[in-house]
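Order as written gives the chain letters A, B, C and D; numbering starts at 1 within each chain.
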Amino acid sequence: MTTATLSRWNRFRESFLWYSFRRDKVAIVSFLVLILMVLAAVFAPLFAPTDPYDLAQIDIMNSELPPVGMQGADSAFPLGTDAQGRDMLSTILYGTRVSLLIGFGAVVLQAALGILFGLLAGYLGGRVDSILMRIADVQLSFSTLMVAIIVGAVFKASFGNLMFGEIAIYMLIFIIGIAEWPQIARTVRASVLAEKKKEYVDAAKVMGFRTNRIMFRHILPNTLSPIFVIATVQIANAIISEAALSFLGLGMPETQPSLGSLIKSGFDYIQSGSWWITLIPGLVLVVLVLVINLLGDWLRDVMNPRLYKG
Amino acid sequence: MKNNTPLLEVKDLDVRFAVRGGDLTALRGISFSLDKGERLGLVGESGAGKSVAAFSILNLIARPGYIAGGQILFDGRDLAAMSERELRKIRGNRIAMIFQDPMMTLNPVLSIGTQMVEAIKAHRRVSTKAAREIALGKLRKVQIPSPEKRLDQYPHELSGGMRQRVIIAIALLLEPEIIVADEPTTALDVTIQAEIMALLLDLCEQENVALMLITHDLGVVSQVTQRMLVMYSGRIIEQGPTREVINDAQHPYTQGLINALPQMGEPGARLFQIPGSMPSLKNVPSGCPFHPRCTFATDQCRKTMPEYVRSGNVDVACYEVSNLIEQEKQMQEAGS
Amino acid sequence: MKKLLAALVGSMALATAPVALSAEATKELKMAYDADPVTLDIHEQLSGGILQLSHMTFDPLVRWTKDLGFEARLAESWERVDDKTMRFKLREGVKFHSGNELTTKDVKFTYDRLKESQDFKAIFKPFSGINIIDDYTFELVTSEPFPLLLNTATYIFPMDSEFYSGETADGKKKDAILKHGNSFASDNLSGTGPYVVTSRQQGVRMEFERFADYWDEESPGNVKKIVLTPIKENNTRVSALLSGGVDFIAPVPPTDLDRIKRDKDSELVTMSGTRIILFHMNQERVEAFKNPKVRQAIAYAINQEGIAAKIMKGFATPAAQLSPAGYQGHNESLKPRYDVEKARQLMKEAGYEDGFTITMMAPNNRYVNDDKIAQAAAAMLARINIKVDLKTLPKAQYWPEYDDRSADMMLIGWHADTEDSANFYEFLTFCTDADSGAGQYNAGNYCNPEIDALVEKANVETDLDKRAAMLQDVEKRLYDDAAFVPLHWQDLAWASKKNVKIEPILNVMNFPYLGDLVVE
Amino acid sequence: MLAFLVQRVSQALLVMFVISVIAFAIQDGLGDPLQEMVGMSVSQEEREALREELGLNDSMVVQYLRFAGKAIQGDLGNSYFYGKPTLEVISEHLPATLELVIGASLIIMLLSVPIGVYAAIRPQALLAKFFMGVSTVGISIPVFLTAIVLIQIYSIGITVEWFPADTGWGQWLNGALSTEGGLPSYGRGDDLTHLFGTWYSGFFSESGLLHLILPCVSLASIMLPLFIRLIRAEMMEVLQSDYIRYARAKGLSAVRINFLHALKNTMLPVITVGGVQVGVMVAYTILTETVFQWPGVGLMFLEAITRSDIPLIVAYLMVVGLIFVVTNTLVDLVYGLVNPTVKLTGKKA
């Protein structure tokens, strides 16, 4: 039975990835929950009863209503309302969208920078490697918070304050992207150093391929598995970093809340009665990040060839 | 040379790997024995199950492999059924192992001294000083230059050959009755291979230690071992005294192996090659596993697994051979 | 390098004091404010924190009573000589922490230093001089007839002139006022107040001990030692009280009021404050704001009661004017006028039926719930088609933006230093005039010379009733002209363990007289 | 070895230089320090005079050169708010943060090694799966949420009445779950023992230790899960290697194989990654210190930001940059000691 040229779909169905996914209940549940949340977030305008960004719909008089099921609840607001009288359900949907946008956006930026610098440092080695790694060290000594303060200040200086509302999302993606690219760069560099020793790289050199063709067409595909693994963890980290920045008042503005800034705005109320303003978005954030981390774990065990034998 | 009870007897050993889509059989009911001081060779292409056989002796097969059936009798007790605690007393003490790649066998972060002393203290109640003395003795025995310095060095500071000498020294530390060597010289460069193999042979003879040598190099087998087994796809297809098997190979596969040796052909002629390749464990052919590559294959070979038949001192599992023997017997009866 | 924790500040005072402590001062008090004083030099900065420290370690000539009256402290009695001078009789036998006697030379020293201080010199501008009659009588003279002389006298905390004169070991003048350096006065203190500072670690802890020789024997206070810890985070400060870590906290955020009421062994005290929170509508930036109808429409659109009830949790008094109750300028007849229909109608009359877009800015950590108030206001304006682009900033970044008037509507809170209505108008509604400093915080660029003239006249009117009528008339005109959008007066709240009787020592200016605090 | 140290010192100086340049460049974006120093009713020209006096009106380059000139002699300027040299202010607050990081690191080391190794040896065991689950959830909860929950439960105390109080087991469950709290929820306590210079330690007094518990647990809650998963993954990989199989072939005991042969090899990558995380942890202290009012450099930095006390901000960024380089160097040294295959100057890829 010679291996017929299986279509891409068959190859996927046959692959170990699909096989272990089917058998790993945790992975299935996490994946479904993630898909559910992403869909709910993307189609927020459809599901959300009210549009939290349209200030006219918000009435201060029904602020801090408890979720349905507790006394004093109002059926129009299933999950209750926040301090401003905004419907929690719709604000959370929009907030999840913002958080996911920031999470994925930041990681895409991190991956782009990380892969580029990681490949260059790993493959070229020598002076390029030490320079890039020094830059990475300097970068790592800036925690996300400091980068946020610095970039925030530069943005304000150049664009002035009024523009801040619209560009907050892109700025946060830029901040978290800049702050954390060394993590991916180090991983890529480590696996490139390992791959570089292998014969197929010498074979490619012998065939006279140009350096960047070797790097991107040959070495990069082989380092994809660690990148995938760290990328999922970084998405979870990015969402948590945004929440931390919002807690310190450097994240999203109140008018366009992300999950993090929702938690922050409810923070004062948590111990004084209306605990739901912080805890419900907090719960959503924890579930979202948990699901991504679980998928990351599963991916790591599947992708990591060495563990495959175990 | 054969006294009545063999030192080690393997009966119908079955080893399987629990992998996706059902179990793969790596060893299909193999049986052989090893006498005191005897040197036995296991030969076959890679993937025939040689290493699995070696590791199963001390039940060191890594998950998901497991011993599915059969017995490994040593000193009257079945190692396959023994508890981990009991087995630990035998490992390294009465049966020692030598792995293939010296670069990977020694723990990179522990000194040679530590790794030798700990082996002794695992089985003998001796002081560390006494253990170091024993270690030094063994290092001298394997002719390592300035052994005292070696004890405090780390594996990465020694060459491949030097490290294999250390590993042989470790194997001999507790005067074991059997050494199982899994391709001990394959990873070394050619010049050192002969030297190390000679050292191993020499020491086994001096210490009267039985040697079970796993290799794919027929040259080494013919010089070092007294008996040999030829394995193919998890089964022993031929076993007997090395001299007889090499000179008068019965099984077509063994003949193919021997003809493939370069010195047998005329200079400049194309080397002989056995057509096809070793079947993967996932789809082992029916009947005699060699039949797709065998020129003498008949329907019978394709349907059922041939039984062993004795030809001289050699046991062979091949219908063609058993038919030839049958015909010879009939001719002798007819002739007499 | 000063030894930090055990440094005895103003130690000479204790060393010489007689050993016998007044028997009843035995209790210890652990308290937490949201910040600790930035310096011990009470003339370095005019802020709530420094004035609270002054009342603990110094005594003023006169001090406010609970009902905004005056109580004699170091000045035993006073009488008006003519409409420009007031004669004061100093109390005798009062000792400083350093053991020196209080005499009029200390008052003169303090007066001169106040005239030098960058923060206080504005308040003492009306004063032209001080005449020393003898050791225990002096006169304060103003260049013009000045009705608020006593109000300002509450800021004079006589300092120990001898202690603060001369030079320190390394040649620095002891009485120097240094804004950003380390002056002698910022680390050492000798006053007449009930407490001596025994140790201080900036931002971490501050310890006070009862002054054995305190002149006010009738004071019921029985607290021997006070430990002040600054706890910035509201949540943590309230948790510290509830978990028994501290006995007295201030301020208490509105969100935690009922949690403290529910807690059986703590007690909550609230009072309506005198700090007005309001929005300015910048007429120069937005053409529509020039039209009084539009300003009134906005005034009608804002629901002060809703904000006070829902956001401030009933912890603020809705306002329709600047002067709070108790101030001369307070005009009873002015009530908040929330009526969305009328607001829409006014917008139609002014021709802005489909509204317009404006920018709004507010601080997010200066006043209680400042960012939440701004958000609520933005939502209310959206109902009359005024689309608001809101931006909230930390106070350090907000004030430079405020000075540059960089948004159409800006939030500000104001507390009159002189506890008198005129101060509101001078800073918030006067036509802006760079050199005189009038209207410095008038972010609305509102200018009504008539009203300014009326206030000037009131400032020199010594007959209090006439003055009150004038000031109330000013409030009415500002109300009719909708010069700004008043929101509420921020209430004050303190909380303590049940056995710490804080209610009697608290007042509207938020200067707790801890010297008289009784702990059961 | 010397070359290695010289290289690291030069890197430290480079890091600090870059940070100071960046910090100065964004100076005016950080707000106006005058607001905090002056009362509301101070007139405009008073402020102008003060601004002139502080040299705030000079061009950014002039200010930076003046700063750099003094910085070389170790004087990083005076903090506007504290009125004292910034280095003195930082040295007063640094011990509190270091004690927090030390406490959290101890918790992490004591817990992550045993749990990580156990989860690697018996990945299928229920307890291992439980630990892994808890660690994954741990990573997903932001630190300030953990901190509040800890304060509510262990400091203020919660009374649980979910279960029917009339039944025996209900009462028992209610009792078991309720806590009276009592653990301090803010500050470092009042009885600190003086070690040296400005280091007042909380480790040596009962009240000091009590005050350390909740903040250290909160800070550890971020890194603990990361280390558990790292040790588990690394250990499982090491257990597959030939030298472990050889160790078993030598008949060594399982304990010796796991905790010497395997663990020593496992700890190598954990040390390098762990070292980097210590640097990151210093940044997380900002959140923990805010919630627990812990007088460390984190809280000081945050207040400096709200007061835009620029010299203090610049000094803090440089000191944290230095701490990061120092921890990196220490990590490489420790790595060199533990991993014999690495000469002290080289760094194994």
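Criterion: a residue touches a chain if its C-beta (ideal position, glycine included) is under 8 Å from a C-beta of that chain, and two chains touch if they have at least 3 such contacts.
Keep in mind it's a predicted model, so treat the numbers as computed, not measured.
Each of B-D and C-D has its own count of C-beta contacts, and the greater count is at C-D. Most remote chain with respect to chain D, judged by CA-atom centres, is B. Centrality annotation: D (chain centre taken as mean Cα position, compared with the mean over all protein Cα atoms).
One simple way to say how far apart two chains are is to compare their mean CA positions; for chain B and chain C this gives 93 Å. With centres defined as mean CA coordinates, chain D is found 55 Å away from chain B. Computed from the mean C-alpha positions, the centre of chain A lies at a distance of 53 Å from the centre of chain B. Centroids of chain C and chain D (each the mean of its C-alpha atoms) stand 39 Å apart. Within chain D, the positions touching two or more other chains are listed as 30, 148, 152, 156, 240, 290, 305.
Looking at chain C, one finds that residues 235, 239, 365, 394, 397 touch two or more other chains.
Across the assembly, chain A contributes residues 156, 267, 270-271, 309-310 that each touch 2 or more other chains. Chain D contributes residues 240-243, 245-254, 256, 260-261, 264-265, 268, 338-341 to its touches with chain B in the complex.
In the complex of the two chains, the chain D residues touching chain C come out as 30-33, 35-44, 46, 49-50, 53-54, 78, 80-84, 88, 92, 148, 151-152, 155-157, 181-188, 190, 192, 194, 198, 200, 290-293, 295, 299-300, 303, 305-308.
Chain C meets chain D in the complex at residues 1, 4-5, 32, 38-39, 45-47, 118-119, 121-123, 178-182, 186, 201-205, 227, 229-233, 235-237, 239-240, 242-245, 365, 394-397, 399-400, 414, 417, 427, 434, 437, 440-441.
Residues 234-235, 238-239, 253, 255-259, 303, 306-307, 310-311, 359, 361, 364-365, 371-372, 375-376, 378-383, 387-394, 397, 401, 406-407 of chain C are the ones touching chain A in the complex. Within the complex formed with chain D, the residues of chain B that make contact are 58, 60, 62, 84, 88-93, 96-97, 99, 101, 104-111, 118-119, 122-123, 154, 156, 170.
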